[in-house]
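Note that the chains take the letters A, B, C and D in the order they are written out, and that residue 1 is the start of every chain.
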Amino acid sequence: MSAEFDRLSAAVREIAEEMKARPDRGSVADYIPELAHVDPGRFGLCAVDAEGRVAAGGDADAPFSIQSISKVFTLTLALGMAGDRLWRRVGREPSGSAFNSIVQLEHERGVPRNPFINAGAIAVTDLILSGHQPREALGEILRFVRFLADDETIRIDEAVAASEQRTGFRNAALANYMRSFGVVTNPIEFTLGVYFHHCAIAMSCRQLAMAGRFLAHGGRHPATGHAVVSPQRARRINALMLTCGHYDGSGEFAFRVGLPGKSGVGGGVLAIVPGRASLAVWSPGLDPSGNSHLGREALEMLSRRMGWSIFG
Amino acid sequence: MSAEFDRLSAAVREIAEEMKARPDRGSVADYIPELAHVDPGRFGLCAVDAEGRVAAGGDADAPFSIQSISKVFTLTLALGMAGDRLWRRVGREPSGSAFNSIVQLEHERGVPRNPFINAGAIAVTDLILSGHQPREALGEILRFVRFLADDETIRIDEAVAASEQRTGFRNAALANYMRSFGVVTNPIEFTLGVYFHHCAIAMSCRQLAMAGRFLAHGGRHPATGHAVVSPQRARRINALMLTCGHYDGSGEFAFRVGLPGKSGVGGGVLAIVPGRASLAVWSPGLDPSGNSHLGREALEMLSRRMGWSIFG
Amino acid sequence: MSAEFDRLSAAVREIAEEMKARPDRGSVADYIPELAHVDPGRFGLCAVDAEGRVAAGGDADAPFSIQSISKVFTLTLALGMAGDRLWRRVGREPSGSAFNSIVQLEHERGVPRNPFINAGAIAVTDLILSGHQPREALGEILRFVRFLADDETIRIDEAVAASEQRTGFRNAALANYMRSFGVVTNPIEFTLGVYFHHCAIAMSCRQLAMAGRFLAHGGRHPATGHAVVSPQRARRINALMLTCGHYDGSGEFAFRVGLPGKSGVGGGVLAIVPGRASLAVWSPGLDPSGNSHLGREALEMLSRRMGWSIFG
Amino acid sequence: MSAEFDRLSAAVREIAEEMKARPDRGSVADYIPELAHVDPGRFGLCAVDAEGRVAAGGDADAPFSIQSISKVFTLTLALGMAGDRLWRRVGREPSGSAFNSIVQLEHERGVPRNPFINAGAIAVTDLILSGHQPREALGEILRFVRFLADDETIRIDEAVAASEQRTGFRNAALANYMRSFGVVTNPIEFTLGVYFHHCAIAMSCRQLAMAGRFLAHGGRHPATGHAVVSPQRARRINALMLTCGHYDGSGEFAFRVGLPGKSGVGGGVLAIVPGRASLAVWSPGLDPSGNSHLGREALEMLSRRMGWSIFG
């Protein structure tokens, strides 16, 4: 076991070094102005094993905008609040289209295909918000993430949130569209306000890997000793991450990495090795599907070196 | 271990009994006239564990039309012949649409999204056919399936093949459409002839579970002692089954059953428990996505009772 | 000539009577709450010939919400302001989809297909608004309509405008979506405010037929003696009304009525007989494409009786 | 009147000369190999007025492949055979998509939007064929075109027909797709055989303008003295040409030329001036929508010079 952790530590360190030097880094997201300033040369990688040992490499302690990775946490929170009622508002199928597509919503009467595309995450946020003030809902989300990561220092990057709020017209289109079908029910500006802010949570790879541990361990969070969700629910969230966690690149991530994962346009990815480890990687350059280019490569290398795959 | 097999045997038997009695059975596929005659009351279930022990229940020895489950075997065969060149003709992403949809082909210039929707499987068949006579290509596919199942009695149901050939206009549309983009290259009637015939292979749950064992055991087929594919390729085929194996119900199958699986409109499903077992189920009634209704329920029960899930 | 007007008068009167009694009246639009209260039994018809003689029948003097018919007037106004620059923001092709569809916008990067679907009319409104306060832009539109109809009593129905503003989420989705592509440039609430208000202009059939006269007479308004637009522009607006004026029922209207026309979900239709007459009809019940059901039938009868068709 | 014909003659001659010299000629269709050989420098123009006087310019007597213009004649023939039953198999709305798109067929259950896109024309051909041998059906179509043009020398270009038959996979996809919904009912190869052959009819501008005269004159063919169709049907065919005759460029043609017209990928266009004239133009280079580039420009010039527009 200790030997395995040594192998893991070496792998994380070596992959981080190799990735730091790679010339092909993808393109930093530019549709959120504030994110466009991020240095594409950054790279961080962190793994936390079942015993809580941490292997870290590169910029593993630098905070970045987790963006859509926050959708894993809001989905978990919303399932705790609404249970299976949540599935009346959002589906469980891969979308077969881009992260911000609105076409499917028209064909399927305003019900987003899954909770990890933008439309679905907005619907989930709307559910968390219902009956509360935006400030309260956002506070609850932030407390939950801090609790999962066991780290009270996690913050929202207000500049990023404000930047999205000024420019997030496609998300506003999605929210209005769903509102016309009754899938979103709160005032649009409230729902979008909470959505933009939870996407703007800043975390380091280390914090993110810590926060994902409950998904690797049957819903129980080893760091805090709490049962966050039931084992079945943890499995199901993992299943959704596998089939829908990388937008229209989900099939490719499953094919290459073989682990449930969720990406964000900030360049981060959270990946789960059931029973073994929680992984987080950060490289700001994206591929055409909007997923971290080197992030996926790093996870592919790491899973291959460690023999980690849920597929055998 | 033996205790686990006893649990498995009991589970398979009891689930088969319960399913036999269920009134809600879905609708038998009627668009292939020959399949419409099948008795919706049939139900079979079979599991083969790592040691080759077989647990069977219900009509586990009755042959049925495997239909799209054959696509797992043709994909494996084609990867052996063409390697990664295959991915120039077919993608690896869930389609987000029905099994026989042609819309995506127009938007993506004739390249099907994955090898498990009809268009993708026709493109894979075309690749197997290239440079051969239809009879030879079909012979090769049949020999491969018999080898995997270690059973020389497996046959093609000519009546089903002829029935599809007479009525398979949507598949002919898909093939012609891909031909116009150069994704299908052989004469349409050759490609479709081979496609309709391999879909018409008849197997029992027992034969199917045997044939799937290589996917549960790192590409190595315990029954025959042969390495069919590399461990990595076995994992990747499993990944594709997970993300794309149930058409537009793939997310739901992953969410509920938590195992890689491939369904056919004959009502069969092949599912893989990596490292543990190969499973086959048959119930002819389908849900609206074209997947076996009770087949999925039975696998959901079995995986829950056995604690089998790739997601933790 | 006078004989022809006598024929016209008789036809208008008789058709209005027949239509008043018809049991099949379509369904009143219910997605704008305020419009849902309108009595489906109302029916008005009015024709103004080249000499300015007016033939009226039924409720020809009752004001109704002109809704999308206003798009003819805003297009005319915007062409006067921006000329052919307008066509950078909006196309000239029939859409092949519903009046409020957003699918096409995604496929064609935010540029609406024509100025008469909702998205296109919002883009045109945005152009009129540019650099002005909403109140000013709206004032200009209202003045223009009053000038065309030669009638200072025409008003905006504030209750209808407010009702749409509260419930027009799909239009807000369209506007936000176009804003994300830079096709809409003003603050969304400004553009939508002007849009909802000009759609809420209330006019009677008589006022509407008067306002449409310039399109029947080479751009020259006989009532006021002014050249509103050039003869070529008048022809082109008529062409757009013919190909795009009835959403996804434009082909049917051309086939049956054979005249350029523009419908609104309030149940009104403005139709043009080039060189001869301007027609307006009102019947609140709609067909599935969102066009006045009896309105089209009445125009079909009238054009047949008078031998009016642009197609021979 | 004679003065008007003199103006027409001069206009036709001068436009033909100007067009012969134009450098921007569009691209000759290359997806039908046989058509790719045509000299892009050819240009012909012909107008026949109500008295039967012919104004011709450029290559007005050179035969070219009329391609989709034949759809006007097959629609007329099929309406004569089946009457309004035809509209059960094909719609009357602009498609909003490319001439060979299959997307709409999936969304609308195999019923093509109108008789002038490829799918619609194949459905019309299938109706003409029903119960006959392909040879007979084709003979009937050819006899009808010769009768309309009053010219027994009109022939089918067998090389073009054979070329399309070898390469027309997208049309085969459309036909198979419609067959799966019962919209096409004959053996695919029969229907496509007739379709490819009637598209391969070769006519000169002069012959084409002669053949179109019945549409300009209330269904009555002045050259032959026969009533081909009723006045109402002639108007309706003109309406369909206006809204659907130029695929996804129909709106543009109506906007610029202001006349009903039907184009073919051979570079020909037939246009109708109701009550006045029948026009034919030929320039092989196409615009991106698949319509003759200079053909449309020439008709735009001619209609402007002559003051011909159905829109006022």
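Couple of notes before you dig in:
As a working rule, a residue touches a chain if its C-beta (ideal position, glycine included) is under 8 Å from a C-beta of that chain, and two chains touch if they have at least 3 such contacts.
Computed from a prediction, not measured in an experiment: that's the story for all the values here.
Note on connectivity: the fewest chain-to-chain touch steps from chain B to chain C number 2. The chains touching chain A as well as chain B do not exist; no chain touches both.
Inter-chain spacing, taken between the CA centroids of chain A and chain D, is 55 Å. Measuring from the averaged C-alpha position of chain A to that of chain C gives a distance of 48 Å. Distance between chain centres (mean CA atoms), chain C to chain D: 32 Å. Chain contacts: chain C has no residue touching two or more partner chains.
Those chain pairs judged to touch are A-B, A-C, B-D, C-D. Chain contact summary for the complex, chain C toward chain A: residues 101-103, 105-107, 169-170, 172-177, 179-180, 188.
Contact residues on chain A toward chain B in their complex (touch as defined above): 91-97, 104, 113-114, 215-218, 231, 234-236, 238-240, 242-244, 248-252, 254-255, 258, 260, 272, 274-275, 309-312.
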